[in-house]
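Please find one structure pasted underneath; my questions will follow.
Read from first to last, the chains carry the letters A, B and C; within each, the first residue is number 1.
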Amino acid sequence: MNRPERGRSPFPADLEILSGEVIPISTEVLLLQLFIGLSLGSIYVMMASGLSLIFGLMRVVNFAHGSFYMLGAYAFVFTLSLLGNFWICLIIGPIIVGLLGIFVEWSGIRPLYGTEEYNPLLLTLGLNYIFVDIIRILFGLGGIGSSVPEALDGMVNLGFMMFPKYRFFMIVAGAVVVILVWLFINKTNIGMVVRAGTKDNEMVQMLGINIKLVWRLIFGLGIALAALSGALIAPITGLVPEMGMFMVIEAFVVVVIGGMGSFMGSIVAGILVGEVIAITNLFFAQAGTVVIFVLMVIVLLATKAGLFGEG
Amino acid sequence: MNRPTEISQKLDWQFWISIPILAILPFVFPYTALATNVLIFGLFATGFNILLGYTGQLSFGHASFYGLGAYGTGLLLVKLKAPLWLGMLGGVGAAVLGGLIIGYLALKRSDVYFSLLTLAFSQVLYFLAFQWRGFTGGDDGLRGVPVAHVFGLDLSEPLNMYYFCFVFFIIMSYFARILLRAPFGKAIRAVKENEDRAITIGFNAQRVKLISFIISGIYGGLAGSLFCLHLRFVPVDVFHWMTNGEVVFISIIGGVGTYFGPIVGAIVFLLLHDIVQLIMTRWELVVGGVLVLFILFFNRGIVGYIEGAITSYRERKALIPQSGQTGGR
Amino acid sequence: MNIIETKELTKSFGGLVAVDNVNFQVEKGELRAVIGPNGAGKTTFFNVIAGRLPPTKGEIWFKGENITHLPPYVITKKGIGRSFQITNIFPKLTVFENVRLAAQAMEVTFNFWKDVTYLDDINRRVTEILERLKLIDYKDIRASNLPHGLQRHLEIGIALASHPELLLLDEPTAGMTEEETEGMMELINEISKGLTIVLVEHDMKFVMSVSKNITVLHDGRVLAEGPPNEIRNNEEVQRVYLGKQK
C-alpha cells in the first residue's frame, strides 16, 4: 500500500487540531478539545457499533470497515456534486455503500462460512486494496475537498463557550443514530433475532429463523453506519483514498475496548477513545493513537473481552 | 516396524529441489536485488507460516520482529560501529526479546484478540521509531548502514548479497523442515488442530504457543536484519502493519502450512509488484484482487493445492475396501 | 489403597451447584461406574477432577498427592487419562498421529531436532494400542473419516496413550449401536486389567455387567454407592433414576 508522503503524519488530519504548543492550557481550550473529542467519539461510536454488530452476530472480523467508511465519504461527496442537497446525500450515500456491503457479503463472505475463521478477515483485508485503488483511479490520488454546508457553518453559542456548529451536528447525528439503532435492536423482531444471535449463534439457527437473511441485513446496516461516519466527517477533514486505513485500526481498538458484540460497549468505548485521543493530542501531538493502543492492551489483559464483552 | 507416514516426508524433495532453483534465481529474475528480496520476504514468511500454518495463530504484528531485526542490526552497525556478526546477532536478539515480551502478553488471549494485541505492539514500536528522530532517524529512516564485508566479499555487490542471504535462507529452511518433523513441530500442530485435547493429553499449550511465536520471530528478525544490510538503510515502515499485510499475502498465495509456500508466495508477490507496475500504475488493485480470488477459490494457496491433490491420492490408496468410505475431505 | 479421592468436592456456577460436597474414593484397580440422571453433575465432576474446571471448594487427592489446583496438562502427566463424551479428537490428523501425539506428550515436547519417525518406543506403543482397539487397519486414515463407532474407540485410544493409572471415560458408548456397545464392553473389560477405570455411562446393561461398584449422583450429590446388585435394589435409586427397571 502506498505510504503517506515523507514528512506527512500517518495519523488522520482531523487530529492535528491543537498540538501541544499552547502553554498554559486554558479551560476554554480544554473544553473545546473535550467537545471535539466528543464529536470524534461520535464517529467512533458509529464505526464501532457497525463493526461490533457484524462480529457479534456473524463472528466476522471486517477489516474492510475502514474502506466502507472511506467509500461513504466519497459516495456522499459525489452525490452531493450531482444533487446538491446536503441532507439527501447524507442519507443516499450511506445507503448506496450499504448495498455494496450486502453485495460483498453475498459474493465474498457468505461463501466462506464454515471455513477457517480467519478467512473473512483476510478477504476483507484484500478488499481494502481493491477499494482504495478504485477510488484512486476514479477520483485521483490527491484526494478531494469538501466543505461544511452553510446551514451548519460557524459557531453555536452555548452561553459559556462558542462551539463549532458542525461538530455539534456530528454529536447530535451520532446520538440520533445510536438511538435509532438501539430501538432497532431492542424493539423490533429482527432486533430480537440479532440479540439472540449474538448470544447464541447455533441456537438461533436451529430455531429455523432465516438467520442468513438477518446476517446479510445486519452486515449491510453495519456498513451503512461506517459509510455514514465517513460522510459526516468528510466536510471537516476532506477526503483521501487512504482515510479508511487509519480509521479501521482505531475502530477495532474501540470495539475491543468496549467488548466485541456489545452495543453499549461501542458507545462507551467510542466516546472514551475519542476523548483520550483529543486530550492526548493537546499535550503530545500524534501520540493519541498510540495511547489508545496502550489502553487497549491494558483493557484486554485486565478483562476477558473488553469492558462489556463476554469472553 | 510400522513407521507413520507423513506427507511432509514424501515431499522432502521440495527442499532439495529448492536449492538449485534458488541458486539460479538471480539469473532468471529481471534484476538481482529483486531476487534478494524474494529470499528476505521468503524467510520472513517461513517464520510467519510456522506460526499461522502450523500453530494456527494469526499475528498482525509480525512487523515487530522485522523492524526489531532491521533496527537492531542497523543501530549496532551505525551507532556502535559493531562488526557484522554482532550486528546481526543483536538484531535477532532484539527480535527474540520482543517475541518473549509480546508473545507472553498477547498469548494471554486468543483469536482476534491475540491478533489485535500483536498489532498494538507493532504500532507502538512504529510510533517509537517514528518519534525518536535523534536515535532512529524518524520517518527519514536509519541511514548510513556501512557496507558489510564477509570473508573478503563486498556485500554491496548484488550477487554477493544474494548468496549471503541464500546461505541463511537454506539453513533456516532446513531448520524449519527439521523442526516440523520433531516432537515440537508435532506439538504445535496438535495445538492448532485441537488445543483443548492437546492440553488434555499433556501439552502445555501456552508454552508451546509462546516458543512457536518466538521461533517465528527469529525468522522475522533475521529477515529484517538482512533487509537492513541489503538496503543499507532502514525505513520506519518496517514496523508498520502494512508490512505485516505483505507477509500475510505471501503466505496465503503461496499456501499456509506448506513448505514451499513462502518462497512461491514471495516470488509471486514481488514479481507482481514489479511487473504490474510496468503495465499499469495501480498495482495494489491487482494485489487485492489476487488475494480475494485466492481466499475464495484457492484457499490453500498454490503449493497447498498441489499437496492437497497428492494427499487425496494417497488417502484413496490407503483405504480399506470394505469400510465403504471415499477419500478426500 | 485409594488411587483417587475427593474430599467435599464442590463446584458451583453462580447459583447453580453442579457438584455438591462429594466425597468419592476409588480403590486401585477398581472399575467404578458413575451414573445418574441428566444434569446430575457427572461430566462436571470429571471436568473438575481432570483440572479443566477449578473447584469451588474441596480437594482432590491422587495417589496420595493433592492435585486440586494443578493445570490439566500436569494432571495428565501425573497419570490420569480422560476421554470425552463428545468426540474430541484431532480431526485432520491420521488415526496413528492422534494416538502418537498423546503418547509423545507424556515424554517430550520441546525437542526441535529429532525426527518423530525414529522415536521407536513411542511408535511401538501406539501400534500396540491401535491393535488392541481394532484400529490398526485405519492407522493412516484421517480421523474425521472414521465411522462414529471407531471414533469412539479412537477417543479411548488417545486417553490410553498417556499410559494412565486412572482412566476417566465419559460415556464411551455415546451414540453407539447395540452391537458397537458390546464391542466397547469387551474392550473396556480388556483394558481394565492393571488400570483403574471410572466411567460415566447411561447404558444400564453395560454398567451393571462391567462395574465392580457404582456411584449414583443426583443433583450433584452422592445418592448411593455400592456393588451393582445393591444399587439395582436400592429403592431411592430406582425412584430417581431406574424407574423400577430391573
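Here is the rule we use: a contact is a pair of C-beta atoms (placed from the backbone, for glycine too) under 8 Å apart; a residue touches a chain by one contact, two chains touch by 3 or more.
All of these numbers come straight from a predicted model, not from anything done at the bench.
In terms of Cα centroid distance from the overall Cα mean, chain B ranks first. For subunit C, the chain whose average C-alpha position is most distant is A. One simple way to say how far apart two chains are is to compare their mean CA positions; for subunit A and subunit B this gives 32 Å.
Between subunit B and subunit C, the centres computed from C-alpha atoms are 41 Å apart.
Centroid to centroid, with C-alpha atoms defining each point, subunit A and subunit C lie 50 Å apart. Only residues 50, 52, 71-73, 76-77, 82, 84, 88-94, 96-97, 100-102, 104-106, 108-117, 119-120, 123-124, 127, 137-142, 144-145, 147, 158, 161-162 of subunit C touch subunit B when the two sit together in their complex. Listed in rising order, the residues of subunit B touching subunit A in the complex are 58, 105, 108-109, 111-113, 116-117, 119-121, 123-124, 127, 130-131, 139-140, 237, 240-242, 245, 248-249, 252, 282, 284-285, 287-292, 295-296, 299.
The part of subunit B that touches subunit C in the complex is made up of residues 1-6, 9, 178-179, 181-187, 189-190, 193-194, 196-205, 207-208, 211, 315, 318-320, 323, 325, 327, 329. Interface of subunit A with subunit B (complex): residues 1-3, 6-7, 10, 55, 61, 108, 111-112, 115-119, 121-123, 125-134, 136-137, 249, 252-253, 256, 260, 286-287, 289-290, 293-294, 296-297, 300-301, 305.
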